[in-house]
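Please read through the structure below; I'll follow up with questions.
Chains: A, B, C and D, in written order; residue numbering restarts at 1 for each.
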Amino acid sequence: MKTIKPLRDKKNTAVLLIHCPDRQGILATVTEFMNKNSGNILYLDQHVDRQEKIFYMRVEWELDNFAIPAEKIGEYFDTLIGKPLQMNWRIYFSDDVPRMALFVSKMPHALFDILGRYTSGEWDVEIPIIISNHETLKPVAERFGIPFYYFPVTRENKEEQEAAEMKLMKENNIDFVVLARYMQVLSENFVKQFPNRIINIHHSFLPAFAGAKPYHAAHERGVKIIGATSHYVTSELDAGPIIGQDVTRCSHVDTIQNLIRKGRDLEKIVLSQAVYKHLQRKILVYKNRTVVFN
Amino acid sequence: MKTIKPLRDKKNTAVLLIHCPDRQGILATVTEFMNKNSGNILYLDQHVDRQEKIFYMRVEWELDNFAIPAEKIGEYFDTLIGKPLQMNWRIYFSDDVPRMALFVSKMPHALFDILGRYTSGEWDVEIPIIISNHETLKPVAERFGIPFYYFPVTRENKEEQEAAEMKLMKENNIDFVVLARYMQVLSENFVKQFPNRIINIHHSFLPAFAGAKPYHAAHERGVKIIGATSHYVTSELDAGPIIGQDVTRCSHVDTIQNLIRKGRDLEKIVLSQAVYKHLQRKILVYKNRTVVFN
Amino acid sequence: MKTIKPLRDKKNTAVLLIHCPDRQGILATVTEFMNKNSGNILYLDQHVDRQEKIFYMRVEWELDNFAIPAEKIGEYFDTLIGKPLQMNWRIYFSDDVPRMALFVSKMPHALFDILGRYTSGEWDVEIPIIISNHETLKPVAERFGIPFYYFPVTRENKEEQEAAEMKLMKENNIDFVVLARYMQVLSENFVKQFPNRIINIHHSFLPAFAGAKPYHAAHERGVKIIGATSHYVTSELDAGPIIGQDVTRCSHVDTIQNLIRKGRDLEKIVLSQAVYKHLQRKILVYKNRTVVFN
Amino acid sequence: MKTIKPLRDKKNTAVLLIHCPDRQGILATVTEFMNKNSGNILYLDQHVDRQEKIFYMRVEWELDNFAIPAEKIGEYFDTLIGKPLQMNWRIYFSDDVPRMALFVSKMPHALFDILGRYTSGEWDVEIPIIISNHETLKPVAERFGIPFYYFPVTRENKEEQEAAEMKLMKENNIDFVVLARYMQVLSENFVKQFPNRIINIHHSFLPAFAGAKPYHAAHERGVKIIGATSHYVTSELDAGPIIGQDVTRCSHVDTIQNLIRKGRDLEKIVLSQAVYKHLQRKILVYKNRTVVFN
């Protein structure tokens, strides 16, 4: 149902994400690589963590007149700059549209938000599959014309169900996973297959109220602000690198049901904004913290 | 496509909205009306504008054991309390599900947000018709199974097109109108038919940047925060009573396109939250200002 | 140094704070008490916690023509209404200016904020004493002309020092205590003397990062928003009823020092706003949660 | 009264602010200038406005081992880089503590906020003079030990009073001016003497409610959010380049007096944060818009 997707004349670009030990001249060295080879730089963001002495950089440049062919850029960059400067780097091309697997359970708000954006062409992404441990949202997937796969997970069958999910994802060339209020904890083995490529939304202002029923806990504690947190999933529950957070005010007037209702609006926006940043290749992870460029 | 709407066991209640000149004892008088007739009060909100000397009240009570039959409450209340205290009042029953006409143009984000909530059963509302001056969003309406009516409006045909829209709305027993980024100014005549019952979203922090292209104007002015404003439509453009506002930060980094993208998330949430308040019968209007109860 | 305090012609009013088991007609009964005795109600706020079935109310009325003399109001109210309705109530008179003891350590920002407001006459309060476990801020107290008492607290002398502080507070008829970044944990015995009358500011978004060094912990966790929380002190550290919270955005750019700097602005404002609500008698506490009226 | 100012061992650094037509390699050229001459770069921020094709940069580096003596840096930089690349640049040294003239009228909140920070050593600044068109705040200035000058301004004497103020400022080597709720419009001539060096706080969310009595206007319009805006003063009232903005929620409950009270907290924080950014040399101005680095 990508019926209303606008035509865009997308530029043919590459994005390089880098982090490495800080030293003098990295920025000059990297930008010279683009400049000397006729690569017009469109965006450049850099950050130095002075305490950890780590240099972070994102650079996006046009490939049209770039002297090095796309498939060779990685090799050249690594040989000339990456290895000598002990860089941890990754390159992405605007040609390669990332492929997302969307995991849901019973709550539809984040799913609708993502499919609305997808259908509108807000994002450069393909969503070939929706996976769920409940059949509740199958009709939504069908209306948007996206194949829906039902994998009911129990304590007993978790391992084999995850294996089947993984197989399905491999067949669909999935690049990253979005948990849109998927109410199952993924196994450590599953998580390891997608390092910093599983985005979750937790319905609290982490690290407050990690785990189950955060709105109940927030109500019990009598907080005056509730929040939502998007993060990459790691093997430790709700403890992965935080991508984004947002909050909204509440008061003694709000019942738990009200908090849940208000929270939904936070959750879906915070999750979608994290997906957008991920798609823009604007997130770097180092030591369980993110650098998220503007 | 109201496929995932949860069953609710909704209470049978009435809501009374009141404003009148302030004087001693109004609150006691009104609550006594419910109490004496075995009407269990569920929610009560009141506000006194000391400057204008106006009393505002919203009271919701259970009808199940209420001594006065629903169809007689208005008459009794007016005779016993409303008239003597010069009240401007209105009563609503939880049985009557309000019927919304949804006006759109080309931008889908607010439409998706509303239809997602509608389909999920977040709101007690019926949306029998979607009206548009463009055909762009017809596929969206179709996928959600809602009749879509195309009324291309020009300067020449505006009067007759609005007459046709009005006729269609009458046939569908429309109670109120939501302009989900409908990019046409409604005529004074149209607006008069729906006093405080047309909700619009303006894509700026009103009264800043009223009128066309607010994101361009915001960028030009170099503001550090952008906003969105929901309001009831009056005959004066972007000058009706404000229901809700929200903002988000921006900076020199943000291009106009970025502001538009960030603004979409504000617009859809601010509009939907206004619709929710309207459906909850929590908004009173007096002298071009709203009282919006929690 | 209350040199710039504006003259106000303050109304002679009483404030009644009530909470009690909810039942029909409380509101009518209480307001009738004022109305029948010629007490013009200026403000009325009420809230019903439907889950706990508790009714909360704040009512402020003019005493000038009130039929019952001020010193008899409590007795009459308790006999006629309070006892029969099992009310927990408290009455305050605008004549009685509350007396605050201000506890500080080394950081001046919250102290300056409070003294600036005090000197400007923003608040109806007297601050007869400042108490500290360090001499650092003595010059500030002196410049504002407020007696400064130095009580260096060690593990060994804590009991006797607190006893001395308590004695000093008794001599100064202290009504409530404000901990303006006082970096000592008060003993359970001390806290018990001032139930819901010790206001603390914690430099995090509670319950996240309770305890020491919250900005360090926030930086370590990589949060994207930091906060501050005002609360009444109870015997459990950082676990008392929350009065107010506010947050500000941060990012990978922010060092711990930056978080501390940004946090200062939050802390002082959140603390002062809590003090204001307390002085306005707008806070009720029930089961470790607050009702804070607007 | 800089009694509680902490000792800092401040690094000996230079800050270079640049804007110029964008072209390839500027960043590399500038950073090479520091690197080649043994200048350790501490912070580097850059931004390219793709639409206007303007490059902005702030770079701060250590002078201790820098090969070019401080007093020669400007000349060398201009000859080697600035002129060839048509740069608009400015250099600042951490040794030179900026000198602020503080203008006030009758309201003390922003004054107290600034003096509290000044006295606490939060900022690297000298405030040798406070200037006012009223005597109201003289006692505050005296308590903080800062000379207070009273220049009552009328329509008739404005020109000569401003001349006298200017003379006083020249004698005190004033670098920049902060209007802390100074309720007089400065003449065009005065403003021209301090281009982008007069910081004002306007008590609204500009461009909404420019001019007098913004809280009254905000109340009248029934907005749900109020704001404050810091900006550089230009000859057009409230129309200069915006430095920062912040907002807070309000509702029908808020009287004009409440808005004024809530607004004070916004105003003082927004103003002080603008002063901090200015002191950090993090603001660039181009075409009536600011670039404010993090």
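What we mean here is this: a residue touches a chain if its C-beta (ideal position, glycine included) is under 8 Å from a C-beta of that chain, and two chains touch if they have at least 3 such contacts.
All values derive from a computational prediction rather than experimental measurement.
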* Asked: More contacting C-beta pairs: A-B or A-D?
  -> A-B
* To do: Starting from the Cα centroid of chain A, hunt down the chain whose centroid lies farthest away.
  => C
* Take the average of all CA coordinates in chain A, do the same for chain C, and state the distance between these two points in whole angstrom. => 42
* Asked: So, what's the distance in Å between the C-alpha centres of chain B and chain A?
  -> 35
* **Per-residue overlap in chain A, given as positions that touch at least 2 other chains** => 50, 251, 253
* **chain B partner contacts - residues on chain C that touch it in the complex** => 24-25, 27-28, 31-32, 35, 40-44, 46, 48, 50, 249
* Would you tell me which residues of chain A are touching chain C in their complex? => 47, 49-51, 56, 205-209, 221-225, 227, 241-247, 251-253, 255, 288-292
* chain C residues within the chain D interface of the complex -> 1, 3-4, 108-109, 112-113, 115-117, 119-120, 122, 136-137, 139-140, 143-144, 251, 253, 261, 264-265, 269, 272-273, 294
